[in-house]
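Right after this note come the structures.
Both complexes below contain chain A, partnered by chain B and then by chain C.
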Partner chain A sequence: MSTPTSAPLQSEIPPAREIILTRRFSDRVFRGVVTAGGFVSLVVLGLIALFLASRSIDIFKTFGFHFITGFKWDSGDPDNGIAPVLGIGAMLIGTIVTAVVGLVIALPVSVGMALFLEYYMPIRLKKSLTMVIDLMAAIPSVIFGLWGFFVLMPHAIYWAKLLHKYFGWIPFLDVQAPIFERSPFIAGLVLSIMIIPIVTSISREVFSQVPLDRIQAAYALGATRWTMIKAVVLPFGSSGIAGGAMLGLGRAMGETVAVYLVLNLYFQPNFQVLFSAGGSVASMIVTKFGEAGQLELQGLMAAGLVLFIVTLIINFLSNMIVKRTSRTGN
Partner chain B sequence: MSDVMEFEGNKDNISTKAYLEEAVSQPEISSLASVASHHSAPGSQPLGTGLEARGVHAWFGKHHALADVNLDFPAGTVTALIGPSGCGKSTFLRTLNRMHEFIPGAAMAGEVLLDGKDIYEPGTDVTKIRLKVGMVFQKPNPFPSMTIAENVLAGLKLAQLKAVNKDDLLEECLHRAGLWNEVKDRLKAHGGSLSGGQQQRLCIARALAVKPEVLLMDEPCSALDPGSTLKIEETVRQLIESVIVVIVTHNMQQAARVSDYTGFFLSDGGPGQLIETAPTSEIFSRPKDPRTEAYVTGRFG
Partner chain C sequence: MSAQVPELEVRDFSSVSPQKPWKLSPREVAINASTILIALILSPIIVQVTPLKGKLGLVLTFILVAMVGNIVLSFLRQGVQAIGNSIASTFIYLAAGLVLLPVASIFFTVIMRGYHALRINTFTQDMSVTQSDGPYTEGGALHAILGTLMLVLIASLISVPIGILTALYLTEVKGRAEGLIRFLVQAMSGVPSIVAGLFIYSVLIVGAGGHYSGFAGALSLSILMLPTVARTAEEVLKLIPRDLREAGVALGGTQWRTVVMVVVPAARSGIVTAIILGVARVAGETAPLLLTILGSTTTHLNPTDAPISALPLYTFNLLRTGLNVAIDRAWTGALVLMILVLILFVLARLASGRKK
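Right after this comes the complex of A and B.
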């Protein structure tokens, strides 16, 4: 036993130590404040969802899935034995149609504006124009609605007639009767102006992050500004633009007062965007809220819940898209 | 300073006037055969008369970065520009293909003559200048959204050129950049999937695809390992048959290995200056200026 034998392996490896981080008092206080702030927004969101759900649970029990797919909204007449039928299908479709029209108009304008701001505009003027565009987002929506009704609509009707005259053979630009007032097209125009600031500012943000070495690589190969933008800026910014578009879509779908003023609500699904019949869940809630009875009120809450969830999904998708940009950007 | 040229401070502002005057003409690479013959039989087709810098000064705002540089780049040669950091050699390089003016506040004076014509002359189409004077950057910068093949041919699209046979051009450029054997089976892979050294050679191939007369290389190996560096140096030696190469380097062995002429830049607190220019062997064996000697023997810098 003179030669030392090696001890069993287990005893040679010490157990992992527990690493204890002692935070100083001020740090703990700050953490507490920040964490509380973070949680408040979550809690508020959760409570709103809970409130809507609790108020509308009866509706879903009564009408089931038909509430979302149905096209009829009738509060019923108990005295004459007419049962109430509530369905927001047409409104939901209308919301999407109007928002998509708005987005289709807003997207090219926004991307063009963002490119102009980032790559064509003299630097001195860039800041002030950016500010003006951001200011557009601060205008109350009722102003947009009133402007849309009194100023834009007379012109827009003319544009709609032109579109119908020359492109009426495209199914969704056809109309069943020549009534062009308060159509999804006009509501979409107003919405497009409301979402241009948000889509522009997100696109511009993405464009400003295009790596300079790629831009220079393009120019060093004899690129003009436009070919450089096509080859470098747009591929880099594409998913960012998509993210911005989705955020704009979310905003457009939730828009209430402006749409209420310029859209004729109609409880049948209508895909003819130039025709004076459309839907909007948010505007419908405003319209019906004043004279709603017990059951109808619950129906409106349920409609709110559906809109809330749809908007949430869209925001979630847009977040995912924007995140993907920042990863592929490297 | 009366003939200082001022550029607007936008990051992409090609001097606006020149940009507006730029004709939307579409030059055509007429025949690849001419390039091929030119490649196989050096000297059979005369190269351009070369590139000359005449009294070039450069400023960044009020900062005078470069003073009175006179330098010739004869056809069929590689010229190395050496010197410590901040001596203005990269700035000088970027005045040679008008990339200097991308930096906000940048200004320059003097003339840069390409085949006897001043590239800063009003009315010059700056995109054509950059087609004739290509550039390879310090950091490999292939376009990540494009495949290897698309990267090589990117210049055609960017400059709106038409090539007769894109496949031949692709293969030829990758051969000349010494990359063909490594990528011929995966031309559809993305440029970002290559190693750093391969990416840099991809960038060289990309620059060659638009048939430049001059290739500017701004420390092309500073981000690469020694093996890749060697490959790029071999590539550079083979390029001189058809292009004038100007290479900025911090690596004096590299300058010695790769160049025919060497220019030594130095800034003594003021603007950078060209201290000495001579055949490379002379610069490294018997420099005329004591400052050059101090630098190449490693006593400073």
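Right after this comes the complex of A and C.
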């Protein structure tokens, strides 16, 4: 039964629509604006490197590699014919020493805390405790410094004396003179509290990705909670923990104000972590900034450039490691 | 065959409750509690008898005694395998305690010591006519509070639009440089704050022959704020279902209409969270401000022409004087700063929680 209208309808089928593959003008503008916004970070990072490099080029021309390896920081005295000598070697070593002390303390505590949050905590309390960790990350560094100086330091000096008394035979726990204030150990303690939130939250993130079936398989085979963690969680999360630790190390190396308050800067390399002499590139910049002359100011720019490059490298490595974990996790 | 409907056996399940073998029985809870109690009683005695001294000795002994008690108990209950488990548990609980103790101590000290010098005039006066060791009833942190608000406002005006654009580039446009930009944003979040300060100092104050100003400070803060906003906003935009975007396009929307009218409104509360987290990140920064706004004792509301103050810098500079009264004022500054950060934090939680 054909309807009378079927024949005319067939002839009315419109020609195939043209499919436009080019974007509309408004979309092109939109994508242009968004792309430009996206590239701001590239521009800013580039400018930071460029400007700091251009300001410090004279320093590297004058002092060469000795700027990084030299231990002496002397702005010189042109009237008496004393030439300036600028070197951040001791500060660089000190930065690494304090950051490593901080990491050594923070890492086991953070991993323990992350395990606690994921596997030992009643789920109801988990959320609020995670919030405490987030909140800890938001505490301003000047408050850490204030607290570290007035509250932590008296206790920490006592701990340092005990450590020295019983473990003084280990070279790096020895001291040249019994001065324990503002040592790399104390700075490391404050730094460890400051980086615990970031290491904890990255470890927890990785632990939460552990496949549930593997956990249940371990339990089904009769594992206790600890043997399950040892056999399943830690191997799975190990490179995530390593990445988080590196990220924490980068944070610790760039920390300025808190370290300034609890560390005694000393322009000689010192590996005795309990002794009151340490170094930090970032707090050196703050310390020297006020009275710096023209040349010293350039030296500080160069120090900033070195710090910038070192933290960039560490961040790069840690991101690589964390990324690799999350890929193998799936 | 006549189909006889079998009589259904009706069982009463109401009296049967599910078993929870992992739950501790009251008896076990009592045993655990008594272990801790015994450790609490025993450790002071051990400290008295042995050469161990002080609070540290007490705490260490308590941990040791509790651990030994725990080990013995679990061995008696479950055998050798349980020993390792209970040692690990002790260490993990210890780690949790070690994290929470400093946080509690920081909050407690800041509140107690900050309250000491807190007066009404903290919020109504600045330090222009008051010595830093003047009486508590004179002078205050008004200039620092206003300075912080101004810095944060300008920094947000700069970094929020750029941060959201960056996030949109990573989630919506997905251009060729997506991987590179994501990497650079992460790298930028690791830039030490002092380097951001040095950069602005070298560009604006040395290079352009400018002077210390609120604008310079805000620029250095926006460098630190941008990656936080971009990363958080990216996470939120990733959560918006693909269907929404496809629906927008299917209705004939161009990409930009879809993003502006569908995707961004859907992610609104998350974007608000991103902004607040960014603000909380920079509100407490001190180091870059030292090199860009220098600090001041007077209330100054023009961000372009003269040094200003901010709460972290106010705290830091008073602390550097080393005078007792000034240090009390510094603690008060820290308290005000902490309250500000806490308010921002709670706001961020509320904004992100509302969606669910």
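In this section, the second predicted complex is superposed on the first by the 295 of 330 C-alpha atoms of A that agree within 3 Å, B and C clash if a C-alpha of one lies under 4 Å from a C-alpha of the other, contacts with A are read in each partner's own complex, and residues count from 1 in each chain.
Going forward, a residue touches a chain if its C-beta (ideal position, glycine included) is under 8 Å from a C-beta of that chain, and two chains touch if they have at least 3 such contacts.
Not measured: the values here are computed from a predicted model.
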First, second, both or neither for A:Pro140, with chain B first and chain C second: second
Name the contact category of A:Ser203: first (chain B only), second (chain C only), both, or neither. neither
Chain A contact check, chain B vs chain C, more residues touched by chain C
Which superposed partner A:Pro122 touches (first chain B, second chain C, both, neither): first
Kindly classify A:Ile193 by the partners it touches after superposition: chain B alone (first), chain C alone (second), both, or neither? second
Touch check for A:Thr227: first (chain B), second (chain C), both, or neither? both
Using the touch definition from the top, say if A:Ser280 reaches chain B (first), chain C (second), both or neither. neither
Tell me the contact category for A:Thr98 with respect to chain B and chain C: first, second, both or neither. neither
Tell me which partner A:Leu261 touches in the superposition: chain B (first), chain C (second), both or neither. second
Of the partners chain B and chain C, which touch A:Arg214 in the superposed model: first, second, both, neither? first
Footprint intersection on chain A (chain B / chain C) at 224-225, 227
Chain C-touching residues of chain A, taken from the complex the two chains share: 23-24, 26-27, 29-31, 33-42, 44-45, 47-48, 51-52, 55, 108-113, 115-116, 120, 131-136, 138-147, 150-152, 158-159, 162, 193, 196, 200, 224-227, 229, 247, 250-251, 253-257, 261, 282, 285-286, 289, 297, 300-301, 304, 307-308, 311-312, 314-316, 319
Sites on chain C touched by chain A in the complex: 54, 56, 81-82, 84-85, 87-89, 91-96, 98-100, 102-103, 105-106, 109-110, 113, 161-162, 164-166, 168-170, 172-173, 175, 177, 180-181, 183-196, 198-199, 202-203, 206-207, 223, 226-227, 230, 254-257, 259, 280-281, 283-287, 290-291, 312, 315-316, 319, 330-331, 334, 337-338, 341-342, 344-345, 349
Of chain A, residues touching chain B in the complex: 119, 121-123, 211-225, 227-228, 231-232, 235-236, 328
Chain B residues touching chain A - in the complex, by the definition given at the top: 8-12, 14, 19, 22, 97, 99, 102, 104, 127-128, 130-131, 134-135, 137, 139, 141-146, 154-155, 157-160, 203, 206-207, 210
